[in-house]
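In structure tokens below, several structures.
The two complexes that follow have chain A in common; it is paired with chain B in the first and with chain C in the second.
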Partner chain A sequence: MDIKNKISNIVPNAEFKEQGDLIAVVPADSLHKVAEALRYDKEDAMDYLREIVGMDWGETLGALYYLESTTSHNRIVLRTETSDRENPMLPSVSDLWKTAIIKEREAFDFFGIKFIGNPDMRRLFLREDWVGFPMRKDYDLKSNELNMSNEVNADTTEEYSLNPDGTLSCKHNVVFNPEDFVVNIGPQHPSTHGALRLRTALDGETVKKVDPVCGYIHRGIEKMNESLTYPQTLALTDRLDYLSAHQSRHALCMCIEKAAGIEISERAQYIRTIMDELQRIDSHLLFYSCLVLDMGGFTPFFYGFREREMVLDIFEETTGGRLIQNYNMIGGVQADLHPDFQKKVKEFIKHMRGIIHEYHEIFTGNVIATTRLKGVGVLSREDAISYATTGGTGRASGWSNDVRKHHPYAMYDKVDFKEIVYTEGDSFARYMVRMDEIMESMHIIEQLIDNIPEGEYRVKTKPIIRIPEGNYSASVESSRGEFGVFLESHGDKSPYRLHYRSTGLPLVHALDSVCRGEKLADLIAIGASMDFVIPDIDR
Partner chain B sequence: MGMREPKIRSMKYEEFKNNDYLEEMVKELNANGTNVVVTTADQLIDWGRSNSIWSFLLGTSCCAIEFMTLGAARYDMARFGFEVTRNSPRQADVMLVLGTITNKMAPLMKRLYDQIAEPKYVVAVGGCTISGGPFRKSYHVVNGIDKIIPVDVYIPGCPPRPEAFYYGLMQLQRKIKLENFFGGVNRKQPKPVEE
Partner chain C sequence: MNTSFLDYYSIQPVTNWIHETLCSVMPEALAIFIECVVIGVIVVALYAVLAIVLIYMERKVCAAFQCRIGPNRVGGKGGLLQVPADVLKILTKEIIRLKNSDNFLYDLAPYLVILASILTFSCLPWNKGAQILDMNIGVLFVLAASSIGVVGILLAGWSSNNKYTMIGAVRSGAMIISYELSMGITVLAMVVLSETASISGIVEAQANGWNIFKGHIPAILAFVVFLIAGNAEANRGPFDLAEAEQELTAGYHTEYSGLHFGFFYLAEYLNLFITAGIASTLFLGGWMPFHIAGLDAFNNIMDYIPGVGWFFIKTFFVVWLLMWIKWTFPRLRIDQILTFEWKYLMPTSLLILVLMVVLKVFGLVF
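And now, the complex of A and B:
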């Protein structure tokens, strides 16, 4: 049955919008019913909640729910809203998808929407004593002065429920009991890979609970986007997940090009694909170095950086940047390839293929490595989907989620490559996925590097781009999962709302369930094997 | 009073761009009555201090990753004597602030700075720490860490190249070499008000 009919059967007054993405507008009181029916649909269960995007439409506040099926990979968006700006409430879907717990928390933090039934309605990124909701259109940007006092974190969370007479009641759920032994890890800690803070309750050496505290590197990128023109928004994507700089920017360019109807040349598609894969290799090499460093090995760190420098040199020659390249542009790429590009890339691949055995000899087979990684931190396939942990972490748990395969973009439907899937779901599988992906990425590049077609590397676009009204989205497989761009345009030269799907937020959210019962020392290795980048989580 | 030129092994004095700044600094110290005629013992200690700077990394984002390359073999910061990086402020001489400092992080940065023992230095790395960088207009980013803590050296870039890190850290070494270690001169003390 067609998805529109399915929804209309449940809610006869559902409306559909098809400007860009297909959106079903459902009233708030039937949202949960629709979501539940789609989630447990017999033929085509929408079991993967990609994102909840909070929205402020002026009159109303609301949210967009991006759903996908893990079997057919069909997608649908639900839209719901409430006109009560004083005390906005929406039903929670956190009982259907676990990832909704943290995504709804984000919407609460930014828009003040209370999700009825969500067990954890604390702020997510901003300080607990922050006043106001910054993503609302009427928020005064100057209203919160820099507060230099130390933040006090509550040990309880709020859960709201609706009384029969329409009033709200609030229940407090306990995060940590007074008798819990809580160790604070971060935000200044070398192994949290950035400014992440984990409040960890311990029983002896065993982890009882992990409560991630985010927001130490929340830069307010999404709010800034609303006052930038489309070409200006590009620069900020590179700084989200700096190890997926190309890919994130690729996603945003793709989204804008799709919405504005800009056709890019084949040469640019080739260049983008090759750059994306080089970036993936770069990122996975850094992943290897950091994982090993976190586990106390120093020599392999030098191995990883030795080859990574070769990739950075290739980037630098063509783009001018090492870590952050600012290379993709709306309509193509910034500059043509350096004359030595093909030669250098081929040299690199030859070198890498010849030397990868060193990586495995020193670490993969090492007895310390295997005992500390194998069977540790297991994430089941079911949980991986429910927590929406995309990328290597999901694939290590047996969830085939590669955007390049299921929703091909650029050149990915023309090249032959394997999607690396393991089934163990432990730290070792997560490690192996990345190591194998390095080989697969090289395989992809080899198929493209000699056939880059002649032509323009960039089509001319107007400096001011206006995008027709509608909702558009694009997603790419970044180095650590599905990076999505969700854009709502009201026809202006800057976006009405431009939201990014963080690849790391679901990973951090899943840490609690993955680490429970493991040793504290393994928490570090598990975190490293999940491979998150904090600025991308906090945005 | 003339200034003793601080010597750095890998670069000549004239090749540094902002020597006037050092000269100004000495002049200012002299004007405040600080004795900058450095004794031999001072010289020896400063030589030691400037060549074994232990840094405390406050790495929050992109710039920190670029700093990691300095630790690896190609750029190898051990050649300059600042390869010992600490993760505890109590064991460090200089705090390197690598990456955006947000409103939520600012009190923590201040606290970490306060935990470093004197004499201490701060290096602001990257556009973000200097002025807020690309996120200057954001509601949650501190527009320059020098609003909160004193900064000794600024290394601009987004992120700075590894060579720029070196240049900046050598500037810090030169600054240390000019300091008078004995005599209780604390450069952070406000100058006494003269009646």
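And now, the complex of A and C:
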């Protein structure tokens, strides 16, 4: 049955928009009914909630729910809104998808939309004493003085529920009891991989609860995007997940190109694909280094850096950048490949294939490494989907979620590669997924590197790009999961709203359920095996 | 076997001559007092110099394992002055006082750690006639003195009033006390083999063959167990979970700065040396030269290396073994460490002790 008919059967007055993505506009009071029906649909359950995008449409506040099925990989967007700007309320879908708990927190933080039934309605990125909701269009930028006092984190969360008479009642859920031994890990800590803070309740060495506190490097990139032209927005994507700089920017370019109807040359597609895979190797090598370092192995740490340096040198020659490359542009790439590019890449692949056994000899087969990784921090397939932990973490739990396979872009439908899926769901599986993906990425590059077609590396575009009204989205498989770009255009030269799907936020959110009952040392190892990068969470 | 080299190695005549010369110009009590002060100064100086050597060695060894060069700028080609420069830096750093901490215990802790370390250090047999502390229960004294260190670590973690240091101290306490058992039992096995608990006696019992050869199977097993337990005692990787940088930032000494931190740092390296020194004393013959029975020409050449040279060669060999282990393995977890000790290592060492006693009783050792 067609998805439109399904929705129309439940809500007869649902409208459909097809400007860009297929959007079903659902009234707020029947959102939960529709969502539940789609989530538990017998033929094609929409069990993966990609993203909740909070929106301010001027008159109304609302949210877009991007859903996907993990079996057929069909996608649908639900749109719902409320016209009450003073006290906006929407029903929560956190009972259907666990990831909604944190996604709704984000929408609450930036738009002030209270999600009825969400057990955790604290702010996510901003201080708890922040005034106003900054992503609203009528937000006064001067409403918060520079606050030099320390933030005190509440030990309780708010849960709103609606009384029969229409009034709102608030229940407090306890995060930490006063007698809990709460250790504060971060935001300045050697192994949180950035400015992440984990409030961790311990019972001896055993982790009782992890409460992630985000926002220490939040830069308001999404708000900034609303006042930048489309070419200007590109520069900020590299600063999200700096180990997926190419892929993030690729996603944004793809989204804008799709929306503006720009066809890019095949040469540019080849270059983008090769660069994406090089970036993935770079990221996974760093993953290896960080994981072993977090487990106390200093020597393998340098192995990863040794080979990563070669990738960075290749990047530097062509793009001029090592960590942040600023290479993808609307219509292609910034510059043509360096003459030595193909030679260097082939040399690197040959070297890497010859030396990867060192990585496995010193760490993978080590008895301490295996006992510390195997069977530790198990994430089941159901939880992986429910928490929307895409990328290697999801694939280690047996969830086939590779965007390159299911929604091919660039050259991925032309090349032959395996999707690495493990079923154990433990830290060791998460580690092996990345190690195997290094080999797969090299396999992809080998198929492309000798066949790069001649031609334009960049299509000429107008300096000011206007995108027709509508909602557009694009997603790529970044180094650590599905990176999505969600764009709403009102026909201007800058986006009305440009939202990014963070690959790390679901991982950090899942940390609590994965780490409970494990040891403190495992918390660090699990965090490293999840492989999150903080600037991408905080945006 | 020809044991004439023992007299040739002994520095007893020199020390006796110094003592007699001093006694001829001053009362004996004063002479002994002066000797004690001089020896004390020598011990502390040697302690500091060895720490510098060990830190430099660690940097170079780990650099070699990690495809790096290591220090190479300060002080010429090999970066020889890097560590002295670092020591100078740490001497000039401020000792930061903490609010809301137990100041007395906080200041006391590093001294306890360094005291335990120097006491144990003084028991090492440098050469024939050059043991500073030598008594008939020498090895037991070493075990007892080294246990004082754990008090310092526990106090440091407790008095810093910080959750990280507290966890680090408790981990360290649990681990060190557990591994002392294995260490003690393997030491006892070697006491059984040597028929004495005096350190100089144990070394001299190896004049006709090192213990690791004389005690064959149980001695080799005991050597391995001793190295594992000794590594844990010295809080070094893969047993470094008390400072576990990635989990607890710096474990029990997170809050220490300047020279206080320097003491912990110094004690860590010297404990490595002491573990290696005791291992070479118990198993590798201390200052005894390497002899092969029957090859007199070879043995004579070996005798040209002085006893203290032999001691350093063996000890630094064991230090290098321990560094190799540290720079290869990832860190263990606290429950794995305790399981390993109580379920595997301790029963193994008990078996070794029993086996050694049986072999000794039936005369099956050399």
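Points worth noting:
Quick note on the criterion: the second predicted complex is superposed on the first by the 539 of 539 C-alpha atoms of A that agree within 3 Å, B and C clash if a C-alpha of one lies under 4 Å from a C-alpha of the other, contacts with A are read in each partner's own complex, and residues count from 1 in each chain.
The definition used in the following text is that a contact is a pair of C-beta atoms (placed from the backbone, for glycine too) under 8 Å apart; a residue touches a chain by one contact, two chains touch by 3 or more.
In this text the structure is predicted, and so the values were computed from the model without any measurement.
Clash-free side-by-side placement of chain B and chain C is the outcome of superposition onto chain A.
In the superposition on chain A, A:H357 makes contact with neither chain B nor chain C. Among chain B and chain C, the chain that touches a larger number of residues in chain A is B.
Once chain A of one complex is fitted onto chain A of the other, the partner contacts of A:G215 are limited to chain B, with no touch recorded for chain C. In the superposed pair of complexes, A:L323 makes contact with chain B only, with no contact to chain C. Of the two partner chains placed by superposition, only chain B is touched by A:K223; chain C is not.
In the superposition on chain A, contact of A:P535 is made with chain B only, not with chain C. Residue contacts after overlaying the shared chain place A:K33 against neither chain B nor chain C. In the superposition on chain A, A:E205 makes contact with chain C only, not with chain B.
Superposing both complexes on chain A places the Cα centres of chain B and chain C at an angle of 50° as seen from the Cα centre of chain A, in steps of 10.
Shared-chain residue A:K374: touches no atom of chain B or chain C. Of the two partner chains placed around the shared chain by superposition, chain B and chain C are both touched by A:F302.
After superposing the two complexes on chain A, the closest approach between C-alpha atoms of chain B and chain C comes to 5 Å. In the superposition on the C-alpha atoms of chain A, the part of chain A touched by chain B in one complex and by chain C in the other spans residues 189-190, 301-302, 306.
Of all residues in chain B, only 57-62, 64-66, 68-69, 71-74, 87, 99-100, 102-108, 110-112, 134-135, 137-142, 148, 158-159, 161 touch chain A in the complex they form. Chain C meets chain A in the complex at residues 62, 65-68, 163-164, 167, 171, 237-238, 240-241, 244-247, 249, 327-336. Residues 181, 183-184, 189-191, 202, 205, 292-299, 301-303, 306, 362-363, 366, 368-369, 371-372, 519-522, 524 of chain A touch chain C in their complex. Only residues 125-127, 134, 141-142, 144, 146-151, 187-190, 194-195, 215-221, 223-224, 227, 235-236, 239, 242-243, 286, 301-302, 305-306, 308-309, 312, 322-324, 534-535 of chain A touch chain B when the two sit together in their complex.
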